[in-house]
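Per-chain numbering from 1; labels A, B and C assigned in written order.
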Amino acid sequence: MSFALILQYLLSGITTGSIYAIVAIGFNIIYNTTGIINFAQGEFLMIGAMTAISFSAFMPLPAAIGCAVCITALVGALVEILFIRWLKNPSVLRMIIITIGVSILLREAGLHIWDEKVRSLPYFTGNECSSISFMGAHISPQVVWVLSVCAAMVLLLTLFFKYTLTGKSMRACSANRRAAILCGINAKNMVTLSFMISAAIGALAGCVISPLTQTHYDCGAPLAIKGFIVAILGGLGNTTAAVVAGLLLGIIEAASISVMPVAYKDVISITVLLAILFFKPSGLFGNKEAGRLKEF
Amino acid sequence: MKRYLPLFFIIAAVIAIQVWVTACDKSFYLTQLTMSAYYTIVVIGLCMLMGYAGQISLGHAGFFAIGGYCSAALSGADCTVFSHSATGNLFVKLGLLMVKQDLYGSSLVQLHPWICFGAAILITIFIAYLIGMPVLRLKGHYLAMATLGFGSIIYKIVLGTKVFGGADGLSGVSPFEITKGFSICGSMAMRVPNYYFAWLLVILAALFMQNLLHSRAGRALRAIHGNEEAANAMGIDTARYKLNLFVISAVFASVAGIFLTHFNGGIGPSEASTMKSVRYVSMVAVGGMANLWGSILAGIGLNFLSLRGYFGSFDEAVFGVILVVIMLFAPNGILFKPGIPWKRKGEN
Amino acid sequence: MDLLEVRKLHRSFGGLHAVNDVSFTVKKGSVKGIIGPNGAGKTTLFNLIAGATKADSGTIVFNEKPVHDKPCHEIARLGIMRTFQNIKLFSKMTCLENVMVGRHVKSKAGMAAGFLNTPATWREEKEIREIALAKMEILGIPHLADTDAQSLAFGQQRHVELARALAGEPRLLLLDEPAAGLNMQETEELGKTIAAIKDLGITILLVEHDMSLVMSVSDEINVLCFGQVIAQGSPRDIQKNPEVIRVYLGDDNA
């Protein structure tokens, strides 16, 4: 295999991997603040992209994306307020089923608002024929967009959680909710905020990947599964690990295409999930104590 | 025998509905009721697993599909080449292989349907043990995702494999002959016997489950659900009980899959999809997680309405709404049967 | 005869030696108390004997059979039953059903028999029910049989847990802080109950903070501190032991 081909696979893997990482980060933010796994995370990507597509008909692209991100963030807040906020001590099972139900509702709403056609945003720069030559591999300029947007999001989130007061408040909530409340932090609002942030970054990721993978009402669920696999692979709650794990999974998937039929590509990632769950549920980078479930 | 009382109501209702439907000349309802019955068997098995042992399974449609696809593939397999060998001849003599005439007059050698049935069940048991052993050591989200992953793998395999017909699934599945004159198939002449056969299976499933619940083993399962650590301390081998129950509920789903496939004359990959698994879960949830009769009612009601198309293009949305609403407002289900020995205390 | 023999038991968590080279025996038919300040390792020791955690090294021999390597449920089958410090009754089951589960180790109907509801199981079920009720009567709570176990008051829940442990007819009963959360009168009654259980021939090992209870029911007491046994003897000897007094009250009050 030539170096150029390997590089091609690598870049393809890194591209999809970075999207998986963003979904996983979305999971982690909500999980860290609430202990809930949000099965509806993938739908945020779908809604973000679909909204942007609708808006781009009468707005310049950056404005459309900006509006879409804001609207999706509001949807995230709405989901939290309607379905999560007023529950007292729900069991894990109940939360899982609720978020699955929410994901179905969002998906069906998407179906009825936008119908089942496949759409996509236009390429941010160039079109589907343009390609950049990079060390012998040919990649679409959109790939550069995906990588830079994802990297920027990770950087901004890290800065947000480390240096801003709100970010620190959210971290306080996740470490010890009661203590955070006693310090005057409004834990309920932090939870809503975590949903909004997850929805926003999901929407942005959905927009940036849309030209490459097309968007349709059903595209959220597979992304959510991959994102969840990545989150577990890295260790639930650990954002940097999610990035590494995402890239890793993306590369494994891309490499797998060269040895087995494309139809089985998803089987690889699910097998990875099962392997991790069976052998090291706390993830590659987690330790045993952290691997225990957080309760609401 | 008070616990069997609801069973008698069900039997009476089954007969009454059949008589009424035939009298009204709406016999086509029977087809959907038969299909609903088979789906209800899956729901009963899942109710046992989720409601009483407290193990969530988001991949149960996978077991339904394993049963259906294996039986369909095996019963449709052309064994002409095999039948000419020594063992093949022996099989023919024993009746395990059947020599038939197909539509064009040439001879067709197929496995006897009960052989296919047995093989499909054995495969299900094998896979269920294989998956169950590691999966049931997990809890909460991890268990849910592992079962979801399992269901996904089955779906992808049947979708992407030629033997299983790929995206088109398998069709032209031969009737399953139970006795002379009665086989599981979609023919109009056999609609009524098929209806009763399906419902007989439902009643058997409910009977077994009721027995189990009131037995020592059922108590052990409920103890595991109540507090697994204490159950272990009281001498209950929790891992073995959970695994055995998992396999049994998988077999329930598989049996339903086998017979429904023969009834429909085919099976498609959507039977293994996550949406199907979610539907089964929502039916258990609506009926009340630990409520056998509620699950049966929900299974019949929701399946029948869905099959008759009452939900239209909102079919999936309805199940989503049901899941959310039930879980938000009535996590113990809405079909609450009074007279259960313990008082409901709200949350798990 | 020594029913239980613990030898050189070690268990650490990370760098903390929760149980450090602990050895002792429990004579058949006696009541042994384990006391010690908080963090002494009593609960860990308990969990090791009951099989909830596994020792890093050392042996536990029960009725001349080694049990330190056996899983929890098998240890129960061999005749060791326990209660829990923060009561672990089975939710969504009545008190009677809870106690009937305690009888699990002495009955044998399996899942197949359960499904088919064979006549053989009818007799066994009746027997399990009767014995469970009998145990509840010993503890004075037969009237609670059909109430939801978790809706009871704390003291009553304790009784149910005890009945549940007794239903398994254990040879050795492990009581994990049975007096926790009980008032003085309830503690006194508990003392009488423990004496009654001892009269049934059951050996008892209990971990407890309540000194009046331990001193009154125990035949022998071990004192644990930082994972090690620092004193062993009759209640009177322990009360006079200077090391024990120092550990509990500090140096000034020796």
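Some notes on this structure:
The rule is simple: a contact is a pair of C-beta atoms (placed from the backbone, for glycine too) under 8 Å apart; a residue touches a chain by one contact, two chains touch by 3 or more.
Worth saying up front: this structure is predicted, and the values here are computed from it rather than measured.
Common neighbours of chain B and chain C under the contact rule above are absent. Farthest from chain B, judged by the mean position of CA atoms in each chain, is C.
Taking the mean of each chain's C-alpha atoms, the chain closest to the overall C-alpha centroid is B. Here the spacing of chain B and chain C, counted between their Cα centres, is 44 Å. Measuring from the averaged C-alpha position of chain A to that of chain B gives a distance of 34 Å. For the pair chain A and chain C, the distance between mean C-alpha positions equals 49 Å.
Residues of chain B in contact with at least two other chains: 348. Annotation for chain A: no residues touch two or more other chains.
The touching residues of chain A, when paired with chain B in their complex, are 37, 83, 87, 89-94, 96-98, 100-105, 107-109, 111-112, 221, 225, 228-229, 232, 261, 263-264, 266-267, 270-271, 273-274, 277-278, 281, 293. Chain C meets chain B in the complex at residues 50, 52, 71-74, 76-77, 81-82, 84, 88-94, 97, 100-102, 104-105, 107, 109-111, 113-117, 121, 124-125, 128, 146, 148, 150-151, 164, 168. Of all the residues in chain B, the ones that touch chain A in their complex are 50, 54, 56, 58, 134-135, 137-142, 144-146, 148-150, 152-153, 156-157, 159-160, 274-275, 278, 281-282, 285, 313-314, 316-317, 319-324, 327-328, 331, 347-348.
Taken in their complex, chain B has these residues touching chain C: 208, 211-212, 214-220, 222-223, 225-227, 229-238, 241, 244-245, 248, 290, 341-343, 345, 348.
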